[in-house]
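Two complexes come next, and they have one chain in common, chain A, joined by chain B in the first and chain C in the second.
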Partner chain A sequence: MKDNKPKVKSISYAKWGYIFIIPFFLVYFIFTFYPQVLTFYNSFFENFRDGLTQIGPRFVGFDNYKALLTPSDSGTIDILKYFGNTIIMWIMGAVPQFVIALLLAVFFTNTRLNIKGQGIMKTVIYMPNLIMASAFSMLFYTLFSNVGPIKPLLVQTGIIDQSFDFFFTTISVRGLVATLNFLMWFGNTTILLMAGIQAIDESLFESARLDGASSTRVFFNITMPLLKPIFVYTFITSMIGGLQMFDVPSVLTNAKGTPNRTVMTVIMYLNNYLGGSNNYGMAGAISVILFIVTAILSIIVFKTIDRDKG
Partner chain B sequence: MKMKKFISAVLVATMVLSMMLTGCGDGGSAKKGEGEIFHIMAWNVEFKGFFETYFAEKHDDGEFYVGDAKVKWTIVPNEGGAYQDALDRALLNQENASEEERVDMFLAEADYIAKYVQSDSTMDVTKIGVTDFSNTYKYTVEAASDEKGVVKGVSFQCCPAGLVYRRSIALDVLGTDNPAEVQSKLDSWEKFNEVAALCKAKGYYMTASDGETYRTFSNNKTEAWVDADGNLVIDSAIQAWMDQSEMFRDNGYTILCDVWAEEKQPQMLDTGKTLCFFGPAWYYNFCMGNAMDTCKGDWGLCEGPQSYFWGGTWLLAATGCDNTKAVADTMNAFINNDEIVEKLVSEQSQFVNNQKINEKFASDPTYGNEFLGGQNDTALFVELAKNIKFQNTSKYDQLCNEGIQLYWREYLKGKVTKEQALENFRKYIKEKYPNVNTDK
Partner chain C sequence: MNKKNKIASIQLTLLRILVYAVIILLCFLCLFFFVMLIINASRTNNQLQRGFTLIPGGHFIYNFKNAFTDSSIQIPRGMVNSFIVAAGSAICTTYFSALTAYGIYVYNFKLKKLAYTFIIAVMMIPTQVSAVGFVQLAYKYGLNNKLWVLIVPSIAAPAVFFYMYQYLKATLPLDIVEASRIDGSSEFVTFNKIVLPIMKPAIAVQMIFSFVAAWNNYFLPALLLTSSDKKTVPIMIAQLRSADYSKFDMGKVYMFILLAILPVIVVYIFLSKSIIKGVTSGSVKG
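After this line comes the complex of A and B, so read on.
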């Protein structure tokens, strides 16, 4: 009998798996990995245009990094200030974004509430994300500008005074940036979190309810723990997106980060180096620093939220 | 199975072939006489309008043509250096660009014309048939010439600038709306500031933007923004403007906004409460367009406290251009074709780059600008044009001019200290122009 055993012990389907993921890796290497390596490489060179004259590329070692990390006349390291701006604006938008998205996701998935018209609501909350960020920002700029409709309204009701300028006040510009990012992204987050909640076994909710658990209790002891992998994923992607914030603050402040550069984000800073002189060296160095900071923050977030896993 | 393989083989073959063919196509048609597309780059539609009205022919397909070449425009706004960035990219890619993309002619402003004229990206226009500059203003030719005196383009306008005032407010505040009398009350900055106080007392603004007088000061600089050694220089004229704008803010003589801001627009309409605007002919013909509809005739023009010029649109021939005839014809038409140039004055109220025509209108008692209540603006500009010197310019001027006004406004609005405002300005210039030394 033993002799009759087939020569091939088992059919291996694994090779098909590898074949099917080849396209992804090809695209990844050409469009992501290679440019990334190139960015690192470029950051060690002096390479820009002065008018129409190309200067460099000339190897300068860590000079670009030194220039970025040297304090300015007033003693501040600019790039840290811009990281601070970016993170503050991201948090201002992300906190309401996650609170509202979690609430909505729980309401929509709750079988007892059984909310009607979910399809329409999901479409509506997702809608702002479909509009181009720059168009959306332009709309808000027009609404809140000195000749827009909002200002006279608030002046008449006595909330602000005539000299108040939305785009020359740090808190109002940051607030607008955060609001816009919140409006654009909470729908997306809601839908991701809903998918996460729906993946949780419904019987768990049912048995909890039968045992007399309150909604709050169900949320904190069943929904949240089981939702955690998805929650961490959305949180980290939102953070990475937040650190790369560019279009909204750039359009609202005309790329200047007014007032006193307090709305200047890291990518706007990078873009200043690219526009005008095509400064690949400095822009590359900023990208590398951003990459390192993003990696560190992601690891911290991952470790903190996922701490009690084991 | 065989059939499938065959089909996929055919598909791959078609893909490869079509790629090869398109590749060849581009290479083959690159150089042969005049190109089919006359590609022009610009930052706004001012010249496009004149070009289409007086020069290019409209064919049945609704497109404009010069000779057999179809005209294609690429328009990118000036602000923040966006136009220069787009132009640089296009000019540095001329050799590899397709017929569609290859730039034949582009427009440049006084703030950055030096950058292009001093480079190899522009070509000698005398070699393509633009040779007669006898009627043009000398500074327009100098501005378009490199260090060796090679002329790279022409300007279709001459831009001496003056002070545009609202007649009704002048009558109320100064008791006269006669240009000569108004000028006598505004012919120095001291008198100008005194009149500002009178305006304020009657509830008017002197100017509608803190940047309104900027060009008058900046055009009278004694040094370029960036000196020969590459150092950023804040000239005493710029300092004078900063001091004046600060004083205007303290006294409420002006509105704190950019010279192109929307807040300023209502001041140009019939409800406006502002006495003075500063600019050349293109300013009130093109930029004050809305005022034409609501308060035409309520305006007067005089020299103002200091003579200056502002802007101007030069047409430059791009190296690698394959429509040299169309480029030369366009340039010649807008400086030497009497019929077109006269219409630019009589129909568009331009101050053209042709001394003969300008003088003809200046001495014509029947000619007057409707917008200025029938005043003969050309007569005044002919005098002012004599003072223009194209000097103290650098290729960094546009963003220096934009940047200082913006960062200074943060100080005027009380958001930063003077030192912070200037430090932010220096940072901005350093980011944009790594070669400029911005240290104090």
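After this line comes the complex of A and C, so read on.
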């Protein structure tokens, strides 16, 4: 804004500003904002299809939220269970993802190590990020299923038993989801953290080295503190993305979250209400809860970045 | 001192070997599954049942024909649909984001600050939050099974706007706009003929990303596209999973998966450099 010198008399062009931004805002309000409002609105209504009969819409206040937070017959609160599943699977993938990305970023940017072939390595590790998640998951399913090629190999080498089924064991399905998420995202994180480290003033590393600081000390006392805003940003966006986990667990378990719904994520739960019975009320309530959680996380991001800037 | 240096240099060499080993292992992990996919896509169902080998089966064309002419999973139809949605979204999202960014960056108007703040504020809202209302509206007005319903919303993409805005701030001298005004060009022509070419690198990068995102998108299309001639590729892949698996020709299944990811891989092979550059320039600046 400050670049606009007064002599430009930009005020006379003001209407063009409005004209240029109208398509964006028009589309945003019709196709995103209005549906969002409807989602909130729906969450206070009973509105679903039972076979061929349409139930509602009927105003029910907070009943949908109450229903979501009421324990089922087995004593578990489904939505909390699914949040738990989602977070567990996110952590299982994110921990190795961030550890390895951080290590790679530090190694790649270390001038003394002088790692060659970085271009091709980055190209290879980033590639899985662009692969269709549902196709990647389907590939994993075909490879790890009972008729796939990997199980016989593992049985032969004695690692697993013939009776073992990758898709009937909680830990292995969650493990496959986490592996897929790890593979798809560690390259992306590496590249982001690398850019963060490269933005740090090189002379800081130089002088630390001249003072005889060890690599570990340089890492903990210079790299990490200065990388923190970008690290937090990538970490929280990864968590927000993790909460929206859907394609991978859905395709791996055929939308069922098997075994025993231990792989069911929040969005799969939402999808079940939305796809099967068009239950806009319950789906709306789940969306609102997801929105609140995401909003809190986003505020944390902005706060952290702002504080470190100022 | 000399000895100390020697030890340090040996340590460095050892560390270097270790680092290369780790990186090669990770690269292997990234490529292994795709190599397996390509090999398996070239083997017949019988060959596949005999277990895994590293030798391609030589029936690549056979599987390709089988997959392409399958009557229940119409993959060519799916690829055309996916392409329409992905290309349409990529064009809409980049052009209108650039236009909006330009509008807010270059002109001074009352609601400028508000418009900017609004877009940044809504950037983090997950798309799933609007999905419930969106699906409801689409069914209410009979717009499910219409591909354009998936394209038009991409006109308003806050994250792409933000990227374009940053790019303009870094690259567009306002003198150029002024000079073009003096030459008598209208504001709209200035944007299309002068500003867009300057923004080409940013547009190219965002086009690739939005194309890929739309090509891979599964959640919303699966809720809306129910008629078989409108389905996109990810929906068909998920359908493979829910079909009775034991009856399937596995060579064909691998070929379906390969066809689903191949277009993106081909694009990536040619444009990986600018794509990787785009990864960092898009998000870190914030």
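Rule of thumb we're sticking to: the second predicted complex is superposed on the first by the 254 of 310 C-alpha atoms of A that agree within 3 Å, B and C clash if a C-alpha of one lies under 4 Å from a C-alpha of the other, contacts with A are read in each partner's own complex, and residues count from 1 in each chain.
Here, a residue touches a chain if its C-beta (ideal position, glycine included) is under 8 Å from a C-beta of that chain, and two chains touch if they have at least 3 such contacts.
Worth saying up front: this structure is predicted, and the values here are computed from it rather than measured.
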Which of the two partners, first being chain B and second being chain C, lies in contact with A:G276: first, second, both, or neither?
first
Count the residues of chain A touched by chain B and by chain C, then name the partner with the higher count.
C
Tell me which partner A:S172 touches in the superposition: chain B (first), chain C (second), both or neither.
neither
Contact-wise, after the overlay, does A:A255 reach chain B, chain C, both or neither (first, second, both, neither)?
both
Kindly classify A:P23 by the partners it touches after superposition: chain B alone (first), chain C alone (second), both, or neither?
second
Mind working out whether A:V147 is in touch with chain B, chain C, both or neither, as first, second, both or neither?
both
With both complexes superposed on chain A, which partner does A:S72 reach: first (chain B), second (chain C), both or neither?
first
Return the residues of chain A at which the contacts from chain B and from chain C coincide.
145, 147, 254-255, 275, 278
Over in the complex, which chain A residues touch chain B? Could you list them?
48-53, 55, 72-74, 78, 145-147, 165, 168-169, 254-256, 258-261, 269, 272-273, 275-279, 282
Given the complex, residues on chain B that touch chain A span 79-82, 84-85, 88, 91-92, 115-116, 118-121, 257, 261-263, 265-266, 395, 399, 406, 410, 413, 415-416, 419-420, 423-424, 427-428, 431-435, 440
Which chain C residues qualify as touching chain A in the complex?
12, 15-16, 19-20, 22-23, 26-27, 29-31, 33, 36-37, 40, 48-49, 51-52, 96-97, 99-100, 102-104, 106-112, 115, 119, 122, 124-126, 128-137, 139, 152-153, 155-156, 161, 174, 178, 187-188, 191, 212, 215-216, 218-219, 222-223, 233-234, 237-238, 240-242, 245-246, 250, 253-254, 257, 260-261, 264-265, 268, 272-273, 275-276, 279-280, 283-284, 286
Tell me, which parts of chain A touch chain C in their complex?
1, 3-4, 8, 10-11, 13-21, 23-25, 27-28, 31-39, 41-42, 100, 103-104, 107, 112-115, 119, 121-128, 130-136, 138-143, 145, 147, 149-150, 152-153, 183, 186-188, 191-192, 194-196, 199, 230, 233, 237, 240, 243-244, 246-247, 250-251, 254-255, 267, 270-271, 274-275, 278, 280, 283-284, 287-288, 290-291, 294-295, 298, 301, 305
